[in-house]
Structure formats: structure tokens, C-alpha cells
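All chains are identified by letter, namely A, B and C, in their written order; residue positions are counted from 1 within each chain.
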Amino acid sequence: MTELDKKQIGVPVPADWAYARLQERYGHFVGGDWLEPAETYTTISPATEEPLAEVGQATPEEVDRAVAAARAAFENGWSGLAASERAKYLFRIARILQERAREFAVLESLNGGKPIKESRDVDLPLAAAHFFYYAGWADKLEYAFPNRRPHPIGVAGQIIPWNFPLLMLAWKIAPALAAGNTVVLKPAETTPLTALLFADVLRQAELPAGVVNLLTGDGRTGAALVEHPGVDKIAFTGSTEVGKAIQRQLAGSGKRLTLELGGKAANIVFDDAALDQAVEGIVNGIYFNQGHVCCAGSRLFVQESIYEPLVEKLRRRLETLRVGDPLDKNTDVGAINSAQQLAKIRELVASGEEEGAQIYQPPCRLPEKGYWFVPTVFTEVAQSYRIAQEEIFGPVLSVLTFRTPEEALEKANNTPYGLSAGVWTEKGSRILWMAQRLRAGVVWANTFNRFDPTSPFGGYKESGFGREGGLHGLEPYLRFDE
Amino acid sequence: MAQAPALPGGFELPLEPRLPRIGSVDAVALEERAASLAKRSIKKDAKVWALQLAIRCTDLTTLEGADTPGKVAALCSKAIRPDPSDAHVPSVAAVCVYPNLVPVAVDRLRGTGIHVASVATGFPSGQYPTDIKIADARRAVEAGADEIDMVIDRGAFLSGRYAKVYDEIVKVKEAVGDAHLKVILETGELGTYDNVRRASLLAMAAGADFIKTSTGKVNPAATLPVALCMLEAIRDVHEETGRLVGFKPAGGVRAAKQAIQHLVLVNETVGPDWLTPELYRIGASSLLNDILMQLRKEKTGAYQSPDYFTLD
Amino acid sequence: MTRLPVKKTYKLFVGGEFPRSESGRTYEAEGQNVARASRKDVRDAVKAARAAQPKWAGATAYNRGQVLYRLAEMVEARAGEFAELSTGREEVERAIDRGSSNPVAGPYFNFTVPEPTGVVAVLAPEEPPLLGLVSRLIPPVVGGNSVVAVASETRPLAAIELAEAVATSDVPGGVINILTGYRRELGPVLASHMDVNALDLAGADGDSPELERLAAENVKRVVHGRADVQSPWEIASFLELKTVWHPIGQ
């Protein structure tokens, strides 16, 4: 706690709650109308555990109605609409998201626990950018895929996670619509509110009824959607465990599938790296969004010759992280998304201590209510420890060391996952050598956790298949006559 | 006389136990970090505290060919009582002038505790023979300046003659005796953040009490990324040697908001120990009135007009 | 007096060699005794494929193209039907086209390159025995993968002939492995093998759903290849896309 911070105590800087206009109860958005849900559950704020609203728990019958609405919209106009008209709808959505960015950012932080700084500066701008980007491609598919005669697939069932609720919605819906498909999307159980607010964006954009349908609910709703015979394609982002279950469930169905699953990314720092920037990259890599990031740099590999100064710098930097109210503009690390996730983080952290790793947590006062976890660094971690192998999906970093590039590479690739990796060195040839050999879908060199609609994202091995973003992100939503 | 080896070789300089590795700086990540710190929201009490601190850390500066005893006298009055209507507004840290005007400032500021700083060593270009630069600094001290803001020889630095840069700082440090030595890197002429870091370490190794960004005669001057880069070098020297070296951004800091951003940078990079005039200064002229306007706005709740604040 | 022909022994092709099945089993097909591969032969073949893959992937596309063209020459000498192989180099270059540089909004250079998925298991179609195998075998190999293929069960001889051509070509040992035997027996072993990255079910017929379920255990890329499809885009099914970011600064 420093003088400048002390002076701020008692004077939090909350973003304006009034922006988040909450209803007491939400239905499902089906066929352009609100469908009164048969069952509901309560969604809460993870920072305070306060209830925010009642939302629907979609039943198989409701899933059926949504799929039927999507099918009808596909057959009755959307797939036959001039591509330039589809593009205009997407541009409208992008623009409206920008106009209402503040409202969405506040709601995202309220319902998901992420710092308003991040929902304001990352989630919302990127979500709008995705719609802009794919709006641009909507009427240029022939150019994008020359001689392949692209066609839409039909109805896409999309299931998204709770870590970037609106952004993942944009990643899913924008390319699907640009390619001429219609959509049934289910947001995560714990973070339904921005998706439900998005329905109001669709109203303002005057998107034809049924082109986008939104169902809330837990895994049961997701399973019903995956199973539904009227769905032509499933896109899922979430845990590897659920991804495998979906792949199994779809066996023999002939439905198209893309999976964006878990990760255990290596962030590799060589002794010639720009250390202060590497430290920023490490911090951004693992504490961004409380570590609720599938591509988080959760395994830090440090060349032994700089181990001590680097860990010292890291420790020092951790002391400046501010953990607390997600709606405070100065908060760096917000609330853990759910009680369940907090329990999982605690369990894995306890295993790390038991197995013999050294734990470091900066002094930090946490609020009494809500779900919180102090940013944590484990040193003296062995490759075999659970904290070095399993995805924690929380603000917990495991530090390991290496001596040579070859060793760093071997250890980095020694995982069933393959989503992302980081490399920090000032030597250009070594960056390319490493980037070529790392088995991961995204390699960040001298940076970390950068995202852009033009940049394909997705994993190797058990981190899933298919790419989102860029031209490659359109392919899963198209079939080709070739 | 100690001789500095050419950088970026060993850099084994007479500082115990050792200097931090020179390393390099990634420009994009540095700028992103600086931009993210600039977004810190500072409100109410903390803001008033920060603005008053900024005044206490100000080196109120006039460095014009047209400077006269009258101009400097007026500046000194402002330095002592920046806002005569508000007793809570503190005095500034120092008044910074050309050597010829040091006697005027010394005379005006006697007994106030406000320091007299003088630029020297062929300010602003530094393109003069070494003996002239040393004499320049010595004369300013003899005239009563207790702080010397010297410039490094950027021509020597950019042509790789690091030892010459180092030697000159060592010699000036000897020449000014007990006076506080601030070494101006003129970062706007150094071209890269790598060079800013090298020059920062070089100046600290040679004995600088403060390192300072700019003369105010070159753009860009005290940008946030440059400040962050220099503060990181200062922090590294402190970590390695325990030595506390001060920092002075100068040039381009005109608005109260910028001053607060600079203070946030200090707070989060080197820590609150540096939030004191002993280790932190802001070189400025027009900044002071903007801070005064902000302070009065915080006090009264009403937005202010420049007509109510004196131009000196 | 008619000369008594020297009877050929049809064996497996694993790691560039022609072993019998470790089980010692054979079965009769097309009037010949053909090796009937076992679980352990699958294990050995995957191991050989894994070992050979990095070097094959590391060869330049130009080199891979030349090696495959040489294979086509070997095959050409043997039979006209083998001519389907001759598109190697062009396909490699088309595959490379899937890379891109991506105009991200920020001071970063960002590019995407295709890379092989790793070890690919192929259940070749029953018919046509040679063309079906070749159509499914070559696209992953072109892309830098190594392959373990199960030949047509009823008509395996052409596959062995192909293996002999491969063995005399410059294709490194282990890049192409061909097993003969019962698909029902070998399919599940390949589909559940945790070191196989992708699975082409061209010849799986009614077993597909079960094999797909097994494939989910390590998130295999599952492809339903067709014997009659000859398109460079077939290569893409066995490629991963890697995107690399680097800041642009002074």
C-alpha cells in the first residue's frame, strides 16, 4: 500500500451502475421474440454474491423451438438474402455495440467479475471489431475462397464459455452470419446477461426474426442443442472435458464440429529478453481476466541464468496488482467467476503446496463477500506436479527453469494441450526457431494475450480444432462445391 | 580518471556490487505499459494530494535568450507563493535558470528553502570543449546555484564514444562539489528506448544524483514511455546497489493530468519512496498554473478561467 | 516344362521395413496369405510414424515435393494405375497458400502458417484398393504428416505393391506405414491410440460412430475421406494453422 493508494481508500472509483439496466427476469430470445421460460435459475454477481436476475433454464422443447426458428429463418430468406444486405446487418450490430459499449462493459463486469478496465478496453472493442471484420467479408466470400463456390451450412448451434461472454458471442455469431447461416447460441450458465442484452442490439439492428436465437441454461441445455437433429454445425468453446463429451456425442451424426478447448501455455523467457517488458507479458499472460483464459501463460519457463532477477521483478510487480471490486476502474484483478471455479483453484493450489512447490502471494486484502483469489506464483515447480500439468483457469502461475532452447522447447511441448505459447528473446533467429517448433496454434513472441479479428485463433492436440478469426474463421461455417 | 569501456560490452564500472545488465527494451510493450498506467483513475483527496506533491516537486523553469533579471525575479515570487489566495498551496522545489541569472534567483530566494538550479555544460547542445563545460558548471556553482542540470554529449553518445560521455559526467560531478547533479539525457535525440536505458545507466554509473529526460528544447521530451524506461533503470540500479537516484521529467508536461500520470508511473515503478522532492522533480513552466486551476476547482467545485491566475 | 513361380510373401510395411505380423498370423486374400496385423503391430507402426514425422515435416516443401515425385516415378515403372501420385509438388505449394499475413489493428506483425497435424491414421476404402489408398494416403503425407494406413481388407495386394515402391523411393522410413489385416480389429486400436492426431475414416463404413467416439479421447481430427476425391484441399484436413505475433518497434 503506497501513499498515493492510501489517499484513495474510501474513494473507490466505481463505474456507473446505472448503466446496467437490469430486468428482474429474462426469457429466451427465440424467433425474434421473448419466450417465457418453463424453468428458471438465478444469476448472481460473483463479486458480491448478490442475485441479479432470474433467467431461463432452457428445456429440450425450448431448444427445439429455437432450432425450428433458426431453420425457418434460414430457409425463408436469410440464406437467400443478398450478401451485401447481410453485411449491412452485421455493420449495424457492430455500430450499435460501439454505441452501447459502456452499458455492456458494466454488465459484463457485474455478471462475470472481470475488471471494468478489461471489459471496457478489451472485450467490448474487440467484440465490435469482430462484427465489423466479418461484415466486410459477408459479400466477398467468392473472392475469399476462389474457385471453391462457398455456401452456408444451415443452422449453427453455438455454446460459449463464461470468461469472455460477449466477446465469445461475437467470435461465434459474426462469422456464422457473414457466411449466411442462422444461429442458436447458448451463453454460459454463470454469465447470461450480456447475451440477453445483445438481443436488444438485434432488435435495434432490425435483424430478421430467427436469424439469431439465444437460449440460457446449464450443460443440459447445451447437450440438448448438440443432440438436436436440426442443427448442422456445432461450435463449442470451453473445457477440454466437455469438448470431448461433445465430440463423442456427435459421433456418427455427420454434424460439423469445431472445438476451442483448454490450454496450459508455456511462456518462455530467455536470458537476453527485455526483462521489464517480459515481466509485463508474464503478468498479462496469467493475471489478465483472473487467469480465466484458455490461452493463459500458466507455465513460466525461465532460463536459469536470469531466474533470480526475473522472479524478483515479478514478485515486485505482483505487489502493485490491485485486487477487488470489478467495477472500480483501477482494479487489475477482479472476482473469480463462480464458487465452483474458486473451489477448483483452491484445490489445485493446495496440491501444489503439498507436492512441494514454494508459494508466493502478495499482501492483499480481499472483500469478505464474493469469490476471490490472490494472484499466486509457485516457484520450485517440477514438471510432474499437477499445477504444471492441469489447467487451473485461475490467477496461478507455475515457474519452471531451463538451460537451453532445446530443453525449453521439449518441456513446453510436453503437454496434451497446444493452444498458445510465449517466447521472449531479443534474438530474431531464435524467435523463429522456437515459433516453428512450438506445438501451439498461437505463438506470441515478445508479447502475450493479443487478439484481433483478423488473426486466426485455435489449438493443436487436445486444445481443439478449427480456427476462429481471420479468413480461416469463416471456413467452419461454409461448405464448398469443389 | 575512471575510463568507461565501450557499451554494450562488459560495462564493469566502479559501482558496487555491480550494475544491472543493460539488456534491451521492447518499444511496443513499454509504450503499452505506460499507456495502461496513464489510465489509472485518481480522484478527490488523492488528486489534491498528488497535485500539491507535483508543486512541491516542481523545478520552475525559464530558459530563454530573452530572460532578464526582471523576468527571473517575477518567477521567484511565483515559486515562493504560487497561489497567494490559498495558504495550502506549497512552494515549488527549485527555480531553474541560465548561469547568468543565478545571482538574481539566489538573491530572491534567500531564506525560502527553495533551491536554485542552473543549467550548464553548454546547455542545450553540449557541443563545446570539455574544459569549457566544466568551467560553465563550476561558475554556476560559484554564483550560488546548489543544483546543476548538465547535458550529456549526445554527439559522443550516438557515435559510440560512451567513455567520453562518462568521463565528462565524472569531471562535472567533481567540479560542482556538493551541488546536486542532474544529468540531462535529451532522450528526444537518442532515437531508441535501448539508448535511453543505456544512457540512464551510464549517467548513474558516472555519479548522477538525478537523471533528467530533456532540455525542453527538443521534441519529443518527457513522454510517459521515456519516463517509464528511465524509472526502470533507476529501480534496477537501486535493486543492485542500494543507491537512490532521482528522476526529473522535463519538457512537454503542461497539464495537471499529465503530472498526475507521471506521479502514478513513479509510484508503481520505483515506489512511494521516490514521491519526494529529494528524489523527484518535474521541470516545467506553464504546468504550474494548470495545477493551480485544478486545485481551485477541487476546492470550489467550479471550473476555472486562466484570467484568475497570474502569468509570470 | 513350365517354371514354378517363386511365391511372394506379403508382409506389413512399418518403419521402412517389411516385418511379418508380430502375432505370426496371416489371412487369405486374393488367393495369397497376407500378414494379419495385430494391436502390437499398430503400436509399432504408430511409434515408427511418430519417430519419422518431425524430420519429414522439417523438410522443405520443395524437398517433399521432389521426394513424392520420385515416388511417382517408382510407381509409374510398376503400373499405370499409380499415375495418380504425380501431383506432389503442386499440392505442397497449394497447401502453403493457406498461410496468410494478417492485418491486425496494432503495432504487430502477424502471420499464419500451416503445419502438419502429426501422425495420421487412415482406414483406406475397400474399393478401389489402390486408388482409394493412394487418394487418402498422399494428402496427409504431402502436408508433412506421417501415416499409418490400413489397406483394403479384401484386396490388400496392391497396397503391398505400393509399399514396395515406397521402400525403393526416397520417402524416409516411417513416413508411410501400411498394415494389412482386419479393419474391425485394427480400426478401434488406431482410433483410440493417444499418439495418433488425426483419423481418416474413408474405409470405416458402419463402424464410424464407434471409431469417432474413441477418437474423441484425445480430440483427434476426424475426416470422412472419399476414395474418388482428388483435390488439393484434401491436404488442409491434416494441417494445423499456427499464428505468430511479434511487436513492430524500434
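Everything below uses one rule, namely that a contact is a pair of C-beta atoms (placed from the backbone, for glycine too) under 8 Å apart; a residue touches a chain by one contact, two chains touch by 3 or more.
Since this is a predicted model, take the numbers as computed values, not measurements.
Asks: Please indicate the chain closest to the centre of the assembly, with centres calculated from CA atoms only.
Replies: Chain closest to the assembly's C-alpha mean: A.
Asks: More C-beta pairs touching across which pair, B-C or A-C?
Replies: A-C
Asks: Centroid of subunit A to centroid of subunit B, CA atoms only: how many Å?
Replies: 44
Asks: Averaging over Cα atoms per chain, report the distance between subunit B and subunit C in Å.
Replies: Here the centre of subunit C sits 67 Å away from the centre of subunit B.
Asks: Could you give the separation in Å between the centres of subunit A and subunit C, each centre being the mean of its C-alpha atoms?
Replies: 35
Asks: Subunit A: which residues touch two or more other chains?
Replies: 446-447
Asks: Quick one: which residues in subunit B touch 2 or more of the other chains?
Replies: Touching at least two other chains: 26, 28-29.
Asks: Can you pull out the residues of subunit C that are in contact with at least two other chains?
Replies: 108, 247
Asks: Please name which positions on subunit C make contact with subunit B in the complex.
Replies: These residues of subunit C touch subunit B: 107-108, 247-250.
Asks: For a test of understanding, state which residues of subunit C touch subunit A in their complex under the given definition.
Replies: Residues in contact with subunit A: 98, 100, 102-106, 108, 110, 112, 117, 197, 208-213, 215-219, 221, 231, 233, 240-247.
Asks: Of all residues in subunit A, which touch subunit B in the complex?
Replies: 2-5, 7-8, 11, 13, 117, 121, 272-277, 280-281, 309, 312, 320, 329-330, 426, 446-447
Asks: In the complex formed with subunit A, which residues of subunit B make contact?
Replies: 20-21, 23-26, 28-30, 32-33, 39-46, 49-50, 232, 239, 263-264, 267-268, 271-272, 275
Asks: Quick one: in the complex, what on subunit A touches subunit C?
Replies: 129, 148, 240, 243-245, 247-248, 250-252, 259, 261, 416, 431, 435, 438, 440-447, 450, 452, 454-458, 460-465, 467, 470-472, 480, 482
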